[in-house]
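Structures follow.
In what follows, chain A forms one complex with chain B and a second complex with chain C.
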Partner chain A sequence: MSDKLIKIIRFIGLGFLEPLIRLSRGEETGKNITLILKKIVAPIASILIFIAVWQSGSDLLYNIEASHRIEKALKDQGQKAADEMKACIESGEISCQPNTLPSPAQVKESFKALLKDHKIIVADKKAFKEKTASLNKKRRADGKSEIVYTGRPSFVDQIKTSIKTVFAGFLLAIFIAVPIGIVIGLSDTLRSSINWLIQIFKPVSPVVWLLLVFMIVKTLTKDSDSDSSFIISFISVGLCSMWATLINTAMGVSTVDKDFINVAKVLKLGPIQKVFKVILPSSLPLIFTGLRITLSVAWMVLIAIELLAQSPGLGSFVWEEFQNGANDSNSKIIVAMFIIGIIGFLLDRIMLTIQNFVSFNKNEGV
Partner chain B sequence: MKANVFKAMALIAVLTLGACGGKEQKKEEVKATVTSESKTKQLDIEKPQLTFGFIKLTDMAPLAIAKEKGFFEDEGLFVSVEAQSNWKNILDRVIDGQLDGSHMLAGQPIAAGAGFGRQAELVTPFSMDLNGNGITVSNDVWSKMKPNIPTGEDGKPIHPIKADALKPVIDDYKSSGKAFKMGMVFPVSTHNYEIRYWLAAAGIHPGIYTKENIQGQIDAEVLLSVTPPPQMPATLEAGTIHGYCVGEPWNQQAVFKGIGVPVVTNYDIWKNNPEKVFVMTKKFVEENPNTAIAVTKALIRAGKWLDTPGNREEAVKILSMSQYVGADEVVLANSMTGTFEFEKGDKRSMPDFNVFYRYNATYPFYSDGIWFLTQMRRWGQIPASKSADWYGSKIKEIYRPDIWEKAAKLLVEEGQIPTTDIPETDGYKPTTTDFIDSKSYDAKDPIGYINSFKIGNKD
Partner chain C sequence: MAYLELKNVTKTYGSKDSNSDVLSNINLTIEEGEFVAIVGFSGSGKTTLVNLINGLLKPTSGEILYKGKPIEGTSHERGVIFQNYSLLPWLTVYQNVSVAVNETFPKESKAFRDQRVKTYLEMVNLTPALNKRPKELSGGMKQRVSIARALAMDPEMIIMDEPLGALDALTRGNLQDEILNIWNKDKRTALLITNDVDEGIYMADRIIPLKPGPNATLGPEFKINIDRPRDKTSLNDNPDFMKTRNEIIEYLMDIGQERTSTNTVEYSLPDLEQITIE
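Showing the complex of A and B:
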């Protein structure tokens, strides 16, 4: 039972929990305690150190900003104004708070505020639904489209939008990059003839992809009322991130062991059978390495793209808070930063799990 | 094998999304809301679900108020308002139909009609506010400017501050070979014309536009460039520009963050000048005439609410919500509640800094629109000379007081506004000299007005 559990946690990349389980069963106490210290206690200690460094860093920046303000008041308006400014900063009044890197506590407060805000919006949505229920019934009967919620999205809604966009973009990348990768992997001529295209388009920045997609989608969706920002952002994400998969697939396919190809020849497999029975399975590890890179690139470019495409995800959240410039805006941006990081980490773990699932050499997650 | 992979991936995608969706299911018990009866007579609305855009500026207030106070829903309209990143984006999204209407610079629909920039048929049935902009310079420029400004008995600078005080600073920059740069928010924005007017009134050349030079920097002594409003303070702090002209709260933000000093407001440059307008496409208004009237009705009520004494504090609370302007309440309150802080500590009373309803602020006057056309001609954005009639007929395609009047008459019938709030006018305000240089402006003689300026194109 427990062996199975260990296998599973190893498989999903949570291998660091293994000694804890072994210890609970009383196996090799000494060795497992060392392992726990190494794999669990040390990372926790490093988190604590990180928070301490952050705290002292934000304190330092706060003091620099505050003393700068007081000095400026002294220089421009004299001693009285400087004293007033000092008192104002110490009293914690919002109008003269130094605006700098927020402390961990402030960020935690903002996180709570965002969750609270989400609850309010959920309640508001429900109320809106009830309010428009009878009207929507009538509109449905008349064959018109229903009235949908008109309020703003909450932080959680924005996370959902972002994840949706990334997966749509990721699927698009798979559907474009894997088939093309296989085709150009099979043919040397084809590979060298379109190599320039890959090399030129691969380093293009997400912003430029967005503008390119924007030019095309805008014309195609003329006269339609639907909001094209989602379409634009997921296509841009897909195009930006597909290159790693394309190149890895092509490489995986072209480096399939000659023996396998010879076996296929001996068995007289048709071209399609050859691809699905021999080439794909043996190039899967490389394809998945590519897909893993693709997914992490997709998540990374997403934020920049959402910011520009006005797609209501995390990117636009960060941008709006930057523009707001309110007292708690900085800490909200840091909250978003952590959420982005954690989701990116989880996505990578999911891909690693799938990769382990399909490849022959099972390597332990790092 | 491959099919399995896809299945696994799809499964994970579903699980991830499902897990997030699951959170939503854990809803709290919601109190039963009492749906209040609409206070107005609803028209037959063609398109009840609408999306409007805005830029994070206090003068978007009528939109936020109409939504939050339920004026839109009273008309049977279900409106989402979305913040947009910049004015170009807003213009594109309105023209392309992603937005049904938007908060816009007064110059934008006019320029689109007159053929400067992207061309389109846009209409303005509602003027959102008067005044509300300021010109801010960096701390450094201010300290050099200050000695040139006469001070009153209280030791504070005498307002309005003219650009004459800035001229020696610019000459300094010129002689040391550095460019003096200032920011404004858009080539056809009120701010561009105001900062140009202010500079030119002191003999400082802000540059001319031509077909080839669309930056408008020919002969310029001050290089003007475009920066989106919310980024102004950050750009000033970075030293990319030495000053800017922008709407609130971005002048007050500079004071709060201690990075710049507002020197003049547009109230002093042109008293009660028109600022933002509400814009829809001509196509939308023709296809949805009742919707256009209903939207205008809700916005007129919002304007009235905003100018009703005692409501501004609540308005500041609404605007400080992160989905609207989002700046701190104290910053917004400074200008919204009738004061304006110049140098830190130099807070002056400015009851007319933000006008949303008084002085017929919501009525789209032809004469206001023609002023923008004259400035576009003056600075070369309209490259060829036009006849006086052209100014009158062009503006009548864009400014639509007929929609405003229909909406206002319905509001009078419903008892929401008194009859006296509908101005008796042919759309032209009387000749005025309320400018910083006391020049006389008669909208019926646009050519004469253009020719009266020392700096700028003449016809």
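Showing the complex of A and C:
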């Protein structure tokens, strides 16, 4: 039972939990305690140190900013204003707080505030739905479009939108890159003829892709509604991130072990059998490495693209908060940063698990 | 008519005028039902020769005739057992064999194919490992799968490229017997490539040494006139065995010597001066 559990956690790339489970069963106490120290306690310690450094850094920046303000007041308006400013800052009044790198405590507060805000909006939505239920029913019967909630999205809604966008982009990348990769992997001529294009397009910045997609989508969709920004952002994400998969697939397919090719020849497999029975399975590990890179690139560029495309999601959340300049905006941005990081990490683990599941040389978590 | 015939076969890799033939002037005739072994040093071009016969490579010049017709690519009639097993690691033992069976008998019923896969895996004693993957198997078991795969295609000729080269002596002995049993059952034609003279004598009707490359070519053949079934333990006391074995080894030693002595490159030693430390 426990052995199975250990196998599973190793499989999904959470191998660091293994000594904890073993220790709870009383196996090799000394060795497992050392392992726990190494694999769990040390990382936690490093996180604590990071928070300490962050705290002192934000303190330092706070003081610098505060003294700047006082100096500025002194220079512009004289001693009296400077004293007032100093008193105001010390009293902790919101209007004159130095706006700088937030401390960990502030970020935690903002996180709570965002969750609270989410709850309010959810309740709001529910109330709206109840209120419009009968009206919508009537409108449906009349063949009119329903009234939908158009209020401000909550932070959690933004996360959901971002994940949706990234998956749409990722799927697009798979559907473009994998088939093309297989085809150009199989043919030397095609590979060398397309190679230049790939090399030229690969380093193009996400922003440029966005503009390019914008040019095309704008022409194709005449009436611009809210959907077109979603289309633009997911297509851009897909185009930016597909290159790793394309190149890895082509490489995997073109460098199948010669022994396997010989087997295919000796068994006289037909071309389709050869591709599906020999070439694809043997290049799956490389294809999945490509897909993992693609997903992490997709998540990374998503924020920048949402920010520019004005499509809802974490990117626009960050940008709006930055423009907003409210007292807690900075700490909300940091909350978004951590959420982005953690989701990126989870996505990578999910991909690793799928990769382990489908490929024949099952390697343990990287 | 000879079953398999190689006429003045030459194989060159790279440009033709670089003058580095891997194989040159190979002449070989194998009769139906015969078991022929080719022995040679490693790197003498044995695998190239095998790949020419099984159709993976084409000769640069000369002709390879199989049942009187030139060989055009691979064929189900010639089963190949590779040195490094060449199993597909993502398939189970059963699937590895069934890929071959499905390809050879596409028109037969599913039950027939399933039965055939199982029969051949039974023959090499692998029924308990049907659903294992190659990496869970030992070297000997892997080679058994490879043998089952080659035989399940019902080839008329079996080509073995150092099939037992990577196995330990005990497994090797067992598999030699298994291969001989199978060969004996329906007297297929067999070609064995090996670097082990004893193995050749134990298994084959004829042994032909391959002179080492570049420009590798076949040496004089040695007939093995020991009655079958041969007994490994008493073989060592058999005067015929001793005589043939010594002849072949002597021959191989001679050509090995020749190879080193024909090496014309001179290596100059660094110019050293003696230093006395006081």
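The working rule: the second predicted complex is superposed on the first by the 361 of 366 C-alpha atoms of A that agree within 3 Å, B and C clash if a C-alpha of one lies under 4 Å from a C-alpha of the other, contacts with A are read in each partner's own complex, and residues count from 1 in each chain.
Definition applied: a residue touches a chain if its C-beta (ideal position, glycine included) is under 8 Å from a C-beta of that chain, and two chains touch if they have at least 3 such contacts.
The shown structure was predicted, so the numbers you read here are calculated from the model rather than taken from an experiment.
Enquirer: If chain A is used to align the two complexes, do chain B and chain C fit next to each other or clash?
Expert: In the superposition, chain B and chain C stay clear of each other.
Enquirer: Contact-wise, after the overlay, does A:P281 reach chain B, chain C, both or neither (first, second, both, neither)?
Expert: The answer is both, since A:P281 touches chain B and chain C.
Enquirer: With both complexes superposed on chain A, which partner does A:A87 reach: first (chain B), second (chain C), both or neither?
Expert: neither
Enquirer: Kindly classify A:I8 by the partners it touches after superposition: chain B alone (first), chain C alone (second), both, or neither?
Expert: Neither partner.
Enquirer: Please work out whether A:D259 is in contact with chain B alone, chain C alone, both, or neither, and reply first, second, both or neither.
Expert: The answer is second: A:D259 touches chain C but not chain B.
Enquirer: Put chain A at the vertex: what angle do the Cα centres of chain B and chain C make there, to the nearest 10 degrees?
Expert: With chain A as the vertex, chain B and chain C sit 150 degrees apart.
Enquirer: Quick check for you: in the superposed arrangement, does A:V41 touch first (chain B), second (chain C), both or neither?
Expert: neither
Enquirer: Using the touch definition from the top, say if A:K126 reaches chain B (first), chain C (second), both or neither.
Expert: first
Enquirer: Touch check for A:I49: first (chain B), second (chain C), both, or neither?
Expert: neither
Enquirer: So which one touches more of the residues on chain A, chain B or chain C?
Expert: In the superposed model, B touches more residues of chain A.
Enquirer: In Å, how small is the closest CA gap from chain B to chain C once the two complexes are overlaid?
Expert: Once the two complexes are overlaid, chain B and chain C approach no closer than 9 Å between C-alpha atoms.
Enquirer: Taking the stated contact definition, name every residue in chain A that is touched by chain B in one complex and by chain C in the other, in rising order.
Expert: Overlap of chain B and chain C footprints on chain A: residues 281, 284.
Enquirer: Considering only the defined contacts, which chain A positions touch chain C in the complex?
Expert: Contact set of chain A toward chain C: 259-260, 262-263, 265-270, 273, 277-278, 281-282, 284, 359-361.
Enquirer: Using the touch definition up top, name the residues of chain C that touch chain A in the complex.
Expert: My answer: residues 51, 54-56, 73-76, 79-80, 82, 84, 86, 88-91, 99-100, 103, 133, 135, 149, 153.
Enquirer: Taking the complex as given, what residues does chain A use to touch chain B?
Expert: So the residues of chain A touching chain B come out as 69, 72-73, 76-77, 81, 94-96, 99, 119, 122-123, 126-127, 130-132, 145, 147-148, 150-152, 156, 159-160, 163-164, 167, 171, 174, 218, 222-223, 225, 227-229, 276, 280-281, 284, 307-308, 310, 312, 319-327, 329, 332, 350, 354, 357-358.
Enquirer: Could you list, by residue number, the parts of chain B that touch chain A in their complex?
Expert: Its residues touching chain A are 1-2, 4-5, 8-9, 12-13, 16-17, 20-21, 23-24, 27-28, 30-31, 33, 35, 48-49, 56, 67, 78-80, 82-85, 89, 93, 96-98, 139, 143, 230-231, 233, 253, 256-258, 320, 322-323, 325-331, 343-345.
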